[in-house]
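Following this message is one structure expressed as structure tokens.
Going in written order, the chains are labelled A, B and C, and every chain counts its residues from 1.
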Amino acid sequence: MVTLGELVTLLGCEPGSVDTSIELDRIAPLGRAGPRELAFIAEPRYLSTLKSCTAACVLLKPEWQGDSPVPSLGVADPYLAYARVSALFDLGPAPEAGVHPGAFVDASASIPASASIGPGACVEADVVLGENVVLSHGAHVGRGAKLGDNCRLWPGAVLYHGVVLGDDCVVHANTVIGADGFGFARHSDGWEKISQLGSVRIGNRVDIGAGVTIDRGALDDTVIADDVIIDDQVHIAHNCVIGRRTAIAGCVGMAGSTVVGEDCTFAGQVGVSGHLKICDNAHFTGQAKVARKVEEPGSYSSGTPLEATRQWRKNAVRFGQLDAMHRRLVKLEAKLDALGEAASDDD
Amino acid sequence: MVTLGELVTLLGCEPGSVDTSIELDRIAPLGRAGPRELAFIAEPRYLSTLKSCTAACVLLKPEWQGDSPVPSLGVADPYLAYARVSALFDLGPAPEAGVHPGAFVDASASIPASASIGPGACVEADVVLGENVVLSHGAHVGRGAKLGDNCRLWPGAVLYHGVVLGDDCVVHANTVIGADGFGFARHSDGWEKISQLGSVRIGNRVDIGAGVTIDRGALDDTVIADDVIIDDQVHIAHNCVIGRRTAIAGCVGMAGSTVVGEDCTFAGQVGVSGHLKICDNAHFTGQAKVARKVEEPGSYSSGTPLEATRQWRKNAVRFGQLDAMHRRLVKLEAKLDALGEAASDDD
Amino acid sequence: MVTLGELVTLLGCEPGSVDTSIELDRIAPLGRAGPRELAFIAEPRYLSTLKSCTAACVLLKPEWQGDSPVPSLGVADPYLAYARVSALFDLGPAPEAGVHPGAFVDASASIPASASIGPGACVEADVVLGENVVLSHGAHVGRGAKLGDNCRLWPGAVLYHGVVLGDDCVVHANTVIGADGFGFARHSDGWEKISQLGSVRIGNRVDIGAGVTIDRGALDDTVIADDVIIDDQVHIAHNCVIGRRTAIAGCVGMAGSTVVGEDCTFAGQVGVSGHLKICDNAHFTGQAKVARKVEEPGSYSSGTPLEATRQWRKNAVRFGQLDAMHRRLVKLEAKLDALGEAASDDD
């Protein structure tokens, strides 16, 4: 339970005439929020829904406050305000400090009293954990890894030896950071493995989803800068460098040694080839095939639109004839020009 | 070892003249099944193979029984009959009831005597398990999660706090259900995390493969209806709703808040954008890019066919000129029309 | 620390006049390697960088030795030589032999004294481990599985019951081998599960990344031949057969029963349909959609190139009109031919 007064304090906004003792149980969508629920409206197209809102309170832009039938708090960016207050309503588990007796912690590891090490978690030799670090059930921190303050590893997350996380990082369940990059040299009978001698260095406030893989570098480190956010099932290969505040959605795959700028966004399932340079502020729509460098900020896409399969088959066959079609077009143009000239000669 | 009599009982079919004491060691493909093996034939194109079959018994349609050189059982749907009897031949581990001494079970959790909790598994506070639930080695059930009867979590599967599974669900190894959805609000210096306050609700008889991620909802729950089947490495983002009996093949990625109807099928690597509505009975071929709503049942596709790279490069270049080609085509048509008219004027 | 003499011995190359007592701390990129570092040059285009190299020693082709300002070792294949010596510089954890008291090992399992079983790892009944096998923290080896000599499972890797690994295999963290294939028969109310009665058989020297899923077969086994290398997040469905030395990059998905030849390469995110046959020496570029059999060696591709989204939208619309455009082109050609003939008739 959260009071409106707590919201006012957190957001630093003007309470105006609202009763700050009003109690809120949770946040709910604008159209369904009831008398003990908080709602928010971030876009003008929902103003018609606002009219019939029955929430205890609504977060909205100051200029919309006159349209609200219920108490409201005016804030410059209601979506950001919603994000900020959402943590107050989070009833997720807040682990207690201490090392569970069922954890496996090497005596050489540096574990502050504020850290929480869950059952079955493993902390190898020479690991250094910051204040308030949470390692959930079964998490693994390999030899010599370093985690900054307030990092949280959810169950089954694995950091290989030597991986470095800054402060305030989140790593969701079963994500793997620091496995060997995919490096092999071909010989006559098969493949010679190249030992991956680099590590992974991750900045501050990096949020990493579940089932992600970020590989260790071959010689240098793989690097994820501050404030990068990474969704589930993303794969980042060895020696990639990801710039600050870049956001990577689910199932994106990035091949080795690619360098991505700041403030980029990758939608779901984008595939990025290796050894590319992507400039700042480049944005990629879902499934884009990024097989060349990108030097201009902007939005990029590839692929073909969804069609009924019967129709798609016809068009897809023509794709395979596209170059031939182009040649036929050129020929037609030439012929027609010739005819046109002949015709004008006739005149 | 299974007798033919057991098959007859399970399938409720007519034994006819077959010797129900015949013993079967396993199921084998029609062309290779030997004298202690069961085979099946589901499609008429394999009838020629049936002629030389040496299996102990064949499951087939009643009208094909005359063609079988070996004992047979006539059933309306031989493939379904094969599925039904396959469990009799499954020699996989059947865990014993009880809590392994190496498991971590909170005293407040409700664990029936029939449940089996493996070594290293973790059951947090206020969890409720149904009858015969199996939690394998290292599985994790977060605070307050509820599992119906006969659910089975394979090693390393993780259910976050509050996740709800119906009866008879399977969750394969290292799958993660209930991690935070990918929700952030942008501010000037980076991203503000939006606490994911919803959960994941999964119906009855839902089968989920290995390495899957299904995220918890932002405000409402992510919902998977009864009888949905999900292959390995599928990603389902927050607030998706998946309708009954829908089948989702490997590596499919679905962005947030998309609502999928009943009886849909998604082939491998299909990508679905967020906030879409997909009607019942919509089917998507492999790698389809579903970036718009789908309102008509049927099969949908996108992409281009596989070609030799040398040829593909030529066609792919032309794709980038497709709109220009179209304009050239329109121009040619106009010119030719003009010429044609001029020609007929000449006549 | 490694001496140049150790390198000479390992590579079996000619030391010439180099001082074999030179000590090397690590391997570094050619352009940055310092006086205690080893560098290598594998391609002539880096010869200009070689001129200013300050490494302790460079691995290079004998014909380039004259260009090196620092000591060098001449080898036929410098990249392969780099791979071979890289292991000497690997400071990753080398687990000690023995069973950790926090491991769960069934009494019936066969565990040689040279094996290393980490904390929280689980070895079920009837498992057979080869010499020097390493099972890291939390790894799972299901009932009756067999691992050859020198296999290593990283944390959280899961082998289901009956899975067989040859010698010298690596399985990175949270990879799952042997989960059920995605096999169901449709009935009127939903899906009947088909028990997956096969297993997974993996050859010698197979290297498997993190977060991979390889499913067990329905009746027969899924088979991965010797010397196959598999990157992170790859999915291989039931009953696939992968030929020797084939390399599969990150996020590739392969549907069931596909048979892949030897020496193939799959770049990232390639999708392969089921029941296909792919010949030896077939190569697929990133995101290729392999929905038909491949009978000729060579390189294959599909998809469209990356474009600015604004331009892509225009071209993508035309893709949906491609068959119609083709018909218009054919019509134009016919019309023009008719006009041409009419024109020549006029002459």
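Just so we're on the same page, contacts are C-beta pairs under 8 Å (C-beta built on N, C-alpha and C of every residue); 3 or more make two chains touch, one makes a residue touch a chain.
Given the structure is predicted, the values throughout are model-derived calculations rather than measurements.
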item: Chain contact graph, described as a line, ring, star, complete graph or other shape; value: complete
item: Same-site or different-site touching of chain B by its copy chain C, using the half cut; value: different
item: Centroid spacing, where centroids are CA-atom means, of chain B and chain C in whole angstrom; value: 25
item: Where chain B touches two or more other chains at once, by residue number; value: 120, 138, 156, 174, 211, 233, 251, 269, 285, 287, 303-305, 307, 317, 319, 321-322, 325, 329, 332, 336, 339, 343, 346
item: In the complex, chain C residues that touch chain A; value: 26-29, 77, 79-80, 82-84, 86-87, 89-93, 100, 102, 118-120, 136-138, 154-156, 170, 172-174, 205, 207, 209-211, 226-227, 229, 231-233, 244-245, 247, 249-251, 267-269, 285-287, 303-310, 312-313, 316-317, 319-323, 325-326, 329, 332-333, 336, 339-340, 343
item: Residue ranges of chain C touching chain B (in the complex, touch as defined); value: 104, 120, 122, 124, 138, 140, 142-143, 156, 158, 160-161, 174, 176, 179-180, 182-187, 189-195, 197, 211-213, 215, 219-220, 233, 235, 237, 251, 253, 255, 269, 271, 273, 285, 287-292, 294, 296, 298-305, 307, 311, 314-315, 317-319, 321-322, 325, 328-329, 332, 335-336, 339, 342-343, 346
